[in-house]
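I've put the structures underneath this note.
In the two complexes below, subunit A is the common chain; its partner is subunit B in one and subunit C in the other.
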Partner chain A sequence: MIDVLLFVLGSSLMVLSAVLSLIGAVGFLRFRNFFLRLHSATVGSIGGGVYGLVGLALLTLSLDVPGYLKYYIFGVAIVSAALVVFASPTGSHILSRAAYRSGEAAPRPLIRDKLKEAGLE
Partner chain B sequence: MKRLLVVGLSIALVYLVYTGTLSVVEVLIAVGIGLALSRVIGVDLVKDESKLSVRRFFEAVKYALKYFTVIEYLAHYSVVKAILSRDPGLKPAIVEVPYYVNSEIAVVTIANSITNTPGTVVVDVDEKRKKFYVHWIFAEAFEGEEARRGVSAEFEEWAKKIFD
Partner chain C sequence: MRSRGALEELGLVLSILLGVLLTYYLVRADVVSLTYGNIPLANLYLRAVPDPSSPFTSRSPEVVTSVIWDQRGYDTYFETSVLFIAIIGVLYLAGLGGGQGNSSVSTVIPRVIAKILFPVIVAVSVSVALHGHLTPGGGFQGGSIFAVAPFLYLLVFGRRMLEGKGFRANALVFARSLAVFLITVVGSIVLVVGLLTGVPAFLFQNQPKPQLSPIGYPAYVVLPWGGIFLFSGTLMILNVLEFTAVSTGFTLALVIIDTVTGGRE
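Let's look at the complex of A and B:
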């Protein structure tokens, strides 16, 4: 019973993450600006990455394979998901800060820029 | 002492989950490496030993559960809708969001929580004036409490409970 539940939950999460990865890619093409694209990149990394890895971990637990293999894949997937959660925002922060300060990617369109008004550049 | 044990056993736990084994040798290696590393980096990871408590740990677990279900669902839904709709209705702006926490780790937690939800990305932080500058694609307010309510109020409440 618990195996079936884990299998269904895990595979649903993996399908969801595949769909979200695709939507993130579509967002990359539709949004024409660096800062807007960062948001669709987040859809790809959290929705497409973390949920997929958690889904993989649950799915593996439900499979009928030798124990050491099962727990090894489960462990790697969970630790990788945690690493993505902690590391990907750091990357986004560095990218957005560097892009803004260097002026390489002008944040247009923008209805108001409080950072420019604060004069921190 | 408490710091050494908590950090060391956490590292050992990550090692054991990653390798997926529970043999005596592996557990000994994990605990050994954990305690040795904890001796070196523990002081940087945990600045105030008195803040290590079971209550705070369970608050963090509760926050993680809520964050990865309700909060992420709502944020993903709005951005996915914007990506797929013919008229996305974007209102991108860099807004000024004040924060009132003191510890460094709480600030990092709030910034990471903001960036990990699609729709908001932290562009810069002013530590002297305690302000985040956040690129928000559905900007409803540009500064002060209204912006804080829309972007980070909930994360800040949790960060205060867990780290401050």
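Let's look at the complex of A and C:
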């Protein structure tokens, strides 16, 4: 019973990650300025990478394989997912901060600049 | 500007020409083959290195590390020395004297994440280096991965904090010199023993070679509880030493670059 549940959960997470990867890729190509594109790239890395890795881990746990190999793959997938969760948002944060502060990538259709209003930067 | 572009093109053409010539002669001499499945040199290494009965064995399942440290040990040793001498020379030129401890401009997010990721990177690099004789990887690869961790600290916290962590230039130069010196000692110890006992031996020899040299390093030790700890003679020792040398060397290089360019303001 728990095997079937894990299998269904893992498969749906992997399908979701595939869809989010596609959305991220299309957004990365079609959005207008740097910040919107960065947002869509993060959708690709968190939604497409982390969901897929967690889904892979659950899927592997549900398989009927003898030995320790499935726990090995489970551990590798979970650790990789954790690393991406830590590193990817930090990277996009640093990128967007550097782009905003240097003024290299101006947000072109700018409706309201809350950072400037708050006087933070 | 014009002449520099022409020079670059000339260099490109020359290197491509050299590659084509080299490939042609190696194929002519039947050392490499362009068709898949008939590659004599690769077949020789893949068969001889893990096979304990072959005279060219390294007693290691990982052929790449064996070739790097055993079959072409001279080349790797000179690579390590060249990197060592280059970094020492740059240290002389750059002069790691003062250097302002610049105030870091990063926010709290990269600070926390760098602190979390630092031990992870170090663990991965040490594992890659220690498993170098069993799985893909080795000292150079592990050392290169290790250098990412201090570089992360350098980018996020600045040089002052890195030195507070113990990554001082003097300590790094000392560790690097010690590692290169010990690589020399490990490579020449079989030759010295052979000279003292009147037995033929080679520089950078790993395993005993039947009919050529009867002495060499042991390939494994039997642990007290019955297990076997395979370290493949010099391979694991040299991997650990190379890990020390490369990690400290790359950390030094990154610190020098940060100092010469005056921080990141």
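Going forward, the second predicted complex is superposed on the first by the 115 of 121 C-alpha atoms of A that agree within 3 Å, B and C clash if a C-alpha of one lies under 4 Å from a C-alpha of the other, contacts with A are read in each partner's own complex, and residues count from 1 in each chain.
Here is the rule we use: a contact is a pair of C-beta atoms (placed from the backbone, for glycine too) under 8 Å apart; a residue touches a chain by one contact, two chains touch by 3 or more.
Here the structure is a predicted model, which is why all the values come from computation and not from measurement.
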Exercise for the section: Once the structures are superposed on A, label A:Val4 by its partner contacts, choosing first (subunit B), second (subunit C), both or neither. Expected result: neither
Problem - If touched residues of subunit A are counted for subunit B and for subunit C, the larger one - result: B
Exercise for the section: Considering only touches as defined above, state whether A:Ile94 meets subunit B (first), subunit C (second), both or neither. Expected result: second
Practice task
For A:Val26, decide between first (touching subunit B), second (touching subunit C), both and neither.
Solution key: first
Problem - subunit B versus subunit C as contact partner of A:Leu83, first or second or both or neither - result: second
Handout entry: Overlap of subunit C and subunit B interfaces on subunit A (superposed complexes)
Key = 86, 89-90, 93, 97
Exercise for the section: Provide the residue numbers of subunit A that touch subunit B in the complex, in ascending order. Expected result: 20, 23-24, 26-27, 30-31, 33, 35-36, 38-40, 42-43, 46-47, 50, 68, 70-76, 78-79, 85-86, 88-90, 92-93, 96-97, 100, 107, 109-116, 118, 120
Completion exercise
Given the complex, residues on subunit A that touch subunit C span 83, 86-87, 89-90, 93-94, 97
Handout entry: Residue ranges of subunit C in contact with subunit A within the complex
Key = 106-107, 109-110, 113, 116-117, 120
Handout entry: Interface residues, subunit B side, partner subunit A - complex
Key = 14, 16-21, 68, 72, 76, 79-80, 83-84, 88, 90-96, 111-112, 115-124, 126, 131, 133, 135, 137, 139, 142-143
